[in-house]
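Here come two complexes built around subunit A, the first alongside subunit B, the second alongside subunit C.
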Partner chain A sequence: MLYVLIPLLPLFSFIMVGLFQKWMRNQAHLICVPMVFASFGLSVYAFMQVAGGNPVNFDLYEWIPVGDFRPTFGIMIDQLTASMLLLVTLVSSLVHLYTVGYMHGDGGYDRFFAYISLFTFSMLALVMSNNFLQLFFGWEMVGLCSYLLIVHWYERKASTNASFKAFIQNRVGDLGFALGIFLVWDTVGSLDYGTVFAAIGDHRNDTMNLLGTQVNVVTMIALLLFVGAVGKSAQFLLHSWLPDAMEGPTPISALIHAATMVTAGIFMVSRCHPIFNLSETAMMVVALTGAFTALFGATIALTQNDIKKVVAYSTMSQLGYMVMACGIGAYVAGMFHLLTHGVFKALLFLAAGSVIHALSAEQDIRKMGQAKKYMPTTYWTMLWGSLALAGIFPFAGFFSKDEILWEAWNAGVMGKGLWLIGVIVAFMTAFYTFRVFFMVFYGKDNMTDEMRSHAHESPRVITIPLVVLAVGALFVGWLGNPMFGPNLSHNFLGPVFNTPVSHVPVTEHAQLQMPNLVGEAFAEEGHDPHAAPAPHGEDPQAADPHAMAPAAHGAAAAGGAEHGGGHNKTMEFLLMAFSLAVAGSGIFMAYAWYYRPNEAPAKLAASYNGLYQGSLNKWYWDELYDAVFVRPTVKFAHGLWRVADEIVIDKVLVDGVAITTRIGGEILKFFQTGRVQHYAMVMSLGIFVILGGFFLF
Partner chain B sequence: MIPLSSYVILSAVLFFIGVVGVLMRRSIIVVLLSIELMLNAVNINFVAFSHYLESITGQVFVFFTLTVAAAEVAVGLALLIAIYRNRQTVNVEELDMMKW
Partner chain C sequence: MDHLLTWVIFLPLIGAGIAFLVKDHQTVKVLALVTTIADFLISLPLWMKFDHGTANFQFVEKYSWIPTFNINYHIGVDGISLLLIIMTTFLAPFCVLCSWNAIADRNREFMINIMVMQTAMVGVFAALDMALFYIFWEAMLIPMYLIVGVWGGVNRIYAALKFFIYTLAGSLLLLVAMIYMFFKAGHTFDIPALMNTPFAPEAQFWLFLAMFVAFAIKVPMFPFHTWLPHAHVQAPTAGSVILASVMLKMGAYGFLRFCLPMLTEASLSLTPFILTLSVVAIIYGAYMALAQTDIKKLIAYSSVSHMGFVTIGMFVYNQLGIEGAIMQMVNHGVTTGALFLCVGIIYDRRHTRDLSEYGGLAKTMPMFATCFVIFSMASIGLPGTNGFIGEFMVLLGAFTYDRLTGVLAATGIVLGAVYMLYLVARMIWSECSNPENQKLTDLSLREFTILAPLVVLTFVIGLYPAPFLEVMHVSVEHLINQTAGLAGAPQIALLK
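For the complex of A and B:
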């Protein structure tokens, strides 16, 4: 029951700061920071408990019982949740600390603390949920907090526009998500994870009528849930809110739009893997969306000039990586990348924020340069974060990214294609990350004198979180190190995906419902330590179902990294070396072009102007959405305003009532002569008529 | 023995004379007199039925009517004098300022 405090402590600080904001006098951190650190401490405890083999799953109370529908608030902490808890509370704690320095002197200081505490509560409620409704609750709450925090500087037009965009695009995704949950309820009759995941296998051949065609229900559920993930995790088609969300203060970009909230989509897909595993089509869609988003985000990040925008697009691209990993069934790799990415991307954002803070709120990297000498700590931590993002050897990104690439390599023909995309993206990632890095810290000094005179290292309360995260960016990857000893990330997370939360034998899933991609991966590997002798070949009858289950899941989730087999190991190391070389060449290219002022990028941009403009303008998706959705909507609303509101309501209804009564009065006034005898006459006649009627009828 | 119908007819005739007086005459004084006439027509009815039904209620009611009529005359004449002082007329057709 101690676990209940993990989300409740941040909620407590939200309520205190939110209600008594007036008396806070910019001291809100005195409540919020200790609370969130306590929450972090409890999360570490929970993590230890789970690692010690004590996952928990209990209901707290019945929420809104209506007939058969009895949703509960519950807490489930398994390995997946425990890792998310650690990430969320760690990053949130550091961001709280960082905020003390970054938002110092801001008019909305206390409000800001209230909202990040609320966000932390919502995110924790999301990941600790044991049913779909609570998941949805957390899902909506984090969306709301994201909106409230993007619009923190509400007097700026760009902020309000960005917040609307984020809110509306998320609503589109959430609609799909809600429909998916409705369909789960309709199909299974329960929203509890355990019940749903246990029963969903029985419905794998059910069909439903969708606009006249019969479609598979499970595929439909998976796709609808994925629409939610697309919105929340800024995947292609609902992606354009994320870069705009950078209008919010930098701590928010780090906490919500890099490390935690945007990863909710990947978390949800991983959590719902028993559903996704049943649908080959859905998995394919997930994988392709992820791969395309990875490529799409990376191509845009190449040319952006706003330091935060570059990091934002790289977030989008890395989220694509994770979604792709989920799509090929490599949930462990996806989750592992989520965790490492959460650490180093938060680091990059906070470091970028430190740069912005130090350089008089300038965000354009073309106006920076030679900043190294002013801020050594920021320089070093940002270097570590960039190396981690680029995927250079001892840093976190290397291990997690290569694991995804390795899983993709093993996932059949389509997987090879995904691998190729992944490698291209890795190259671009290394390039654009270090493009920013060199342009800010080396290159030509383009700062104005005013900026230079104010340039300074950030205060300690900002640099400490940076250092902590930088150390994390170096070490967290080693948990998934395939080279020496056991791969800890697989040992820890693997069981979640081997044994779904349902506590029901998973044999059916494994044999019949694993998508082909995974089957192929499994077939290629041909050897799996979990499964001992049984799982050779694809024939379900031949293989012992109980052995088969972990085998196929192992292949899906754990992939090749921890598997024996000299050939695979060699291959894996070869691929690792290859992607390392790719990342290295990306960095080298950035070094060659941007370390010293150089004409090459400008020339290249000029000779491929079309491509350059496309990338610079985000492939015109904003313009497209503007033309297809925004402007017609605005025009429609304008029409409603002019016709429905001004003419129908104002003129016809409101003015109409007034005019009718006035004309009626104008006519009827002639009957009021002011002479008593006329009234008496009418009264007498009235009495005669009534009495006459009374006697006659 | 005079039958009940005679009283009722008398009462009706008096009442209609009162109604016509109220509706037709121009002087407020005559209008007030006509209203008195209507009230007393009703009183005749009350007394006649009281006797016919051997119930005292009707006669008690008449006392109330007389009291109200007396009060009404007092107030009515006071108003009439006030109107006359203001407007120098007691013609109802000229007292028509309560209109649009």
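For the complex of A and C:
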């Protein structure tokens, strides 16, 4: 029960700050910071317990008890949750600390603290859930907190617009997610993870009617749930809110829009792997969406000039990597990258915040340069973060990114394609990361005198979190190093993905009737990572003492990197060396172009102006959505109101009935004059007409 | 206390009677507040002593009233009406409080109207005799007509007349249906007796249509909704609250009390028709709301959208759907009532409902802004708030009954967020550039007292709805069993 405190402590600080705002004003951190650190401490304890083989799963109370529908609020901590707990509470704690310095003197200081505490609670409720409805609760609550924090500086029009966009795009994703949950309930009759994951295999051949076509129910469930992930993790088509979300203060960019909330989609897909594993179609969609997003985000990041926008697009791109990993069944690799990325991306954002803070709130990297001498700590930590993001040995990003690339390489023909995309993205990542780095800290000094006179290193409370994260960015990758000693990330996380259901192959006829590229590809390669029984037999992982799941054969889904043996090890090293070289050349290119003022980038941009403008303008996606969705909707709504509602229904139909009645009355009143002579005349006329008719016909 | 239900119904009327004798406005205000609070307090035992284990009517009182037509004073409560009665008595004190200073002219008469209204509204939910029901039903119209017509805005006469004639026209069809049923059922208006009377299917069809018009106007269902924006815009705050929170529920309650149990076959066969109109209401109402620049109109149209969820939930014949519909009624009452109260609070300060006049209220009225955002989120149906419970239950119930209905209705999740956040963005966020807005004052103690309980209730229902749900289980199960024996409704099998 102690674990209940992990989410409740931040909730408590939210309530306290919320209720006693008047007295809290600039003291909000006094309650929020200790609470979140306590939560972090408890998370470490929970992690140890889980690592010691004591996973937790219990219900607190029934939330909406109606008939058979009995969703609960509950707590489940397995290896997957435990790793997320560490990441969320660690980054949240450091961001809380950082905020003390960064938001000092801000009018909404207390409000900001209240909301990041609420966010921490919501995110913890999300990852600790043991059922789909609480997951949805956390899912929407983190969206709300994101909304409220983006709009923190609500007087700026850009903030208001960005918050609106973020909420709506997320809601579109949530709609798909909710429908997925409905379908889970309708198929299995439960929303409890354990029950659903155990029973979903029995429904793998169920079909449903989708507008006249028979489709596999499990595929539908997986795709609908994935729509939610697309929204929350800013994947292609629902991505454009994330860069706009940078309108919020930098600490939340680090916490929400880099390390935690946006990774909820990857977490959810990993959590629901028993569902996704059953559908090759869904897995293919996931993999391709991820790969495309990775590429798409990276191409935009190349040319952006706002320091936060670059990091934001980079986040989008890295999230694409993780989603891609999930799509090829390499959940451990995806989760591992999620954790390392959480650390070094939070670092990059916080470092970028430190730069912005020091340079009079300037965000345009073209107006910076030579900032190294003013802020040595920020410089060094940002360097480490950049190296980690670029994937340079021995920093964290190197291990996790290469693991994904390696898994892709092993995932059949399509996997080779994904690997290639991954390598291209890795090159771009290294380039744009160091483009920013060189333009800020070296290059030409474009600062105004005003900025220069105020430039300073940030206070301790800001630099300490940077240093902690920088150390993390160096070491956290070693947890998943495939070279020396045990691969801790696989040992720890692997068992989660060894659920028995994932070993049952999907029968062919149950699949959506479309060319099944992946299936064939995997069959050809002979080691389908997520469905067929692994041909390599007993996996070393299965004997892991921490394994919770039955030690069935083939942790293929999880331990892809290891199922090769000696030959593959050599291959793995070769590929590693190759991607290291790729990243190195990206950095070198950035060095050559931006270390000293250089005409080359401008010339290149001029000669490929179309591409350059496309990238700079985010491939015009905002304009497209504006033209296709936003403006037509508003126009349609106005038109419908003016024409259908005001005129047709209200004036013609409703008032029409009234007016007809009135006119009828006006006409009839002439016949009721009250004069007997008139009545007698009408009567005799009538008799005359009737008689006349009678005689004539 | 004996005759508890009678007391709950008529206490406000007694209050109104006393207020007639008192000339002093200030005293009447206090009297109205005390009466409505007392009424709420004595209605609470209905809930506490309610027996969850039976579908029978409880707190029943039955006296012969007009023996010639076999009309009885017959009242009682079951799991379907209980929460609606509590909601009505709960909201009344807020209506009094929000009119405290806002109604400057003829305040005493206004309070009398509110109290008379209260008696009629509780009476509608408690009546177990159709004639009695009809009397309460029509009695509501008069005070409401006066509230809009006397204390309303510029166009109040048009709005009040439209409201009155429109609803009266519907009611007359209800009267016809009632009289027919009276003769067919062996000269009785008794609701429990009518529930056990099998009506011929052809007769049911026409009876259903007659009642449908009456109830659909009240809900209001698309396309019978156009009186609502007019009435809301013109009504004073308390009028809007009563309209949105309670009167709209009467139509839905009518469907649950009469159509489903008495005209089951007709209900089942007309289900696709009702579901279609409801889905249209959800989407259409949301689009209408999006086009508005008048805050009250926006919320009025949002009611059309939200009530679409209620009518869907009732007509999917499963426990999630029907209980979700009742929850949605209560939640809509609380949330939309609260939103209208919020609008009233700023209207009192700025005397405009034009959205473009506002902006940046978060700066000058932070407490107000917090409350408004909370109610908006409840309206959007964010998990953790009350709005989520009813909406999710209805959607899940609809989805299991007919997937296409569920999917189409679920688009309301997105559309609702669009218009509500548009309102919030324009009103609460953005720059506080209008000098008029820069000197606004935050909530007064009276206003805080109005909003705080509603905020608390928003979260209580949202996080722990069990006490609200458990009272309705048995009654709803009973209702479903009545429909279950009959042939299933035709399915729209696009997604099944």
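Just so it is clear, the second predicted complex is superposed on the first by the 572 of 697 C-alpha atoms of A that agree within 3 Å, B and C clash if a C-alpha of one lies under 4 Å from a C-alpha of the other, contacts with A are read in each partner's own complex, and residues count from 1 in each chain.
Quick note on the criterion: a contact is a pair of C-beta atoms (placed from the backbone, for glycine too) under 8 Å apart; a residue touches a chain by one contact, two chains touch by 3 or more.
Bear in mind the structure is a predicted one, so any value in this text is a computation, not a measurement.
**Q** First (subunit B), second (subunit C), both or neither: which does A:Glu155 touch?
**A** After superposing on A, A:Glu155 lies in contact with subunit C but is clear of subunit B.
**Q** Figure out whether A:Ser684 sits in contact with subunit B (first) or subunit C (second), or with both, or with neither.
**A** first
**Q** Which partner does A:Gly105 contact after superposing on A: first (subunit B), second (subunit C), both, neither?
**A** neither
**Q** Have a look at where A:Gly610 lands relative to subunit B and subunit C in the superposition and call it first, second, both or neither.
**A** A:Gly610 contacts neither subunit B nor subunit C.
**Q** For A:Gly52, using the defined touch cut-off, is the partner it touches subunit B, subunit C, both, or neither? Pick first, second, both or neither.
**A** neither
**Q** Based on the superposed arrangement, let me know which partner A:Gly693 touches: subunit B (first), subunit C (second), both, or neither?
**A** neither
**Q** Have a look at where A:Val66 lands relative to subunit B and subunit C in the superposition and call it first, second, both or neither.
**A** Touch partner of A:Val66: subunit C, not subunit B.
**Q** If you count the residues of subunit A that each partner touches, which comes out higher, subunit B or subunit C?
**A** C
**Q** Given the complex with subunit A, which residues does subunit C contribute to the contact?
**A** 162, 165-166, 223, 226-227, 284, 287-288, 290-292, 319-320, 323-324, 360, 362-363, 373, 377, 382-384, 389, 392-393, 395-396, 399-400, 403, 406-407, 410-411, 413-414, 417-418, 421-422, 425, 428-432, 463-466, 469-470, 473, 493-496
**Q** Considering only the defined contacts, which subunit B positions touch subunit A in the complex?
**A** 19, 22-24, 31, 92-93, 95-100
**Q** Once bound in the complex, which stretches of subunit A touch subunit B?
**A** So the residues of subunit A in touch with subunit B come to 669, 672-677, 680-681, 684.
**Q** Enumerate the contact residues on subunit A facing subunit C in the complex.
**A** 61-67, 69, 133, 136-137, 140-141, 144, 148, 151, 154-157, 159-161, 163-164, 167-168, 171-172, 174-175, 178-179, 182-183, 185-186, 208-212, 633-634, 636-638, 640-642, 645, 649-650, 653-654, 658
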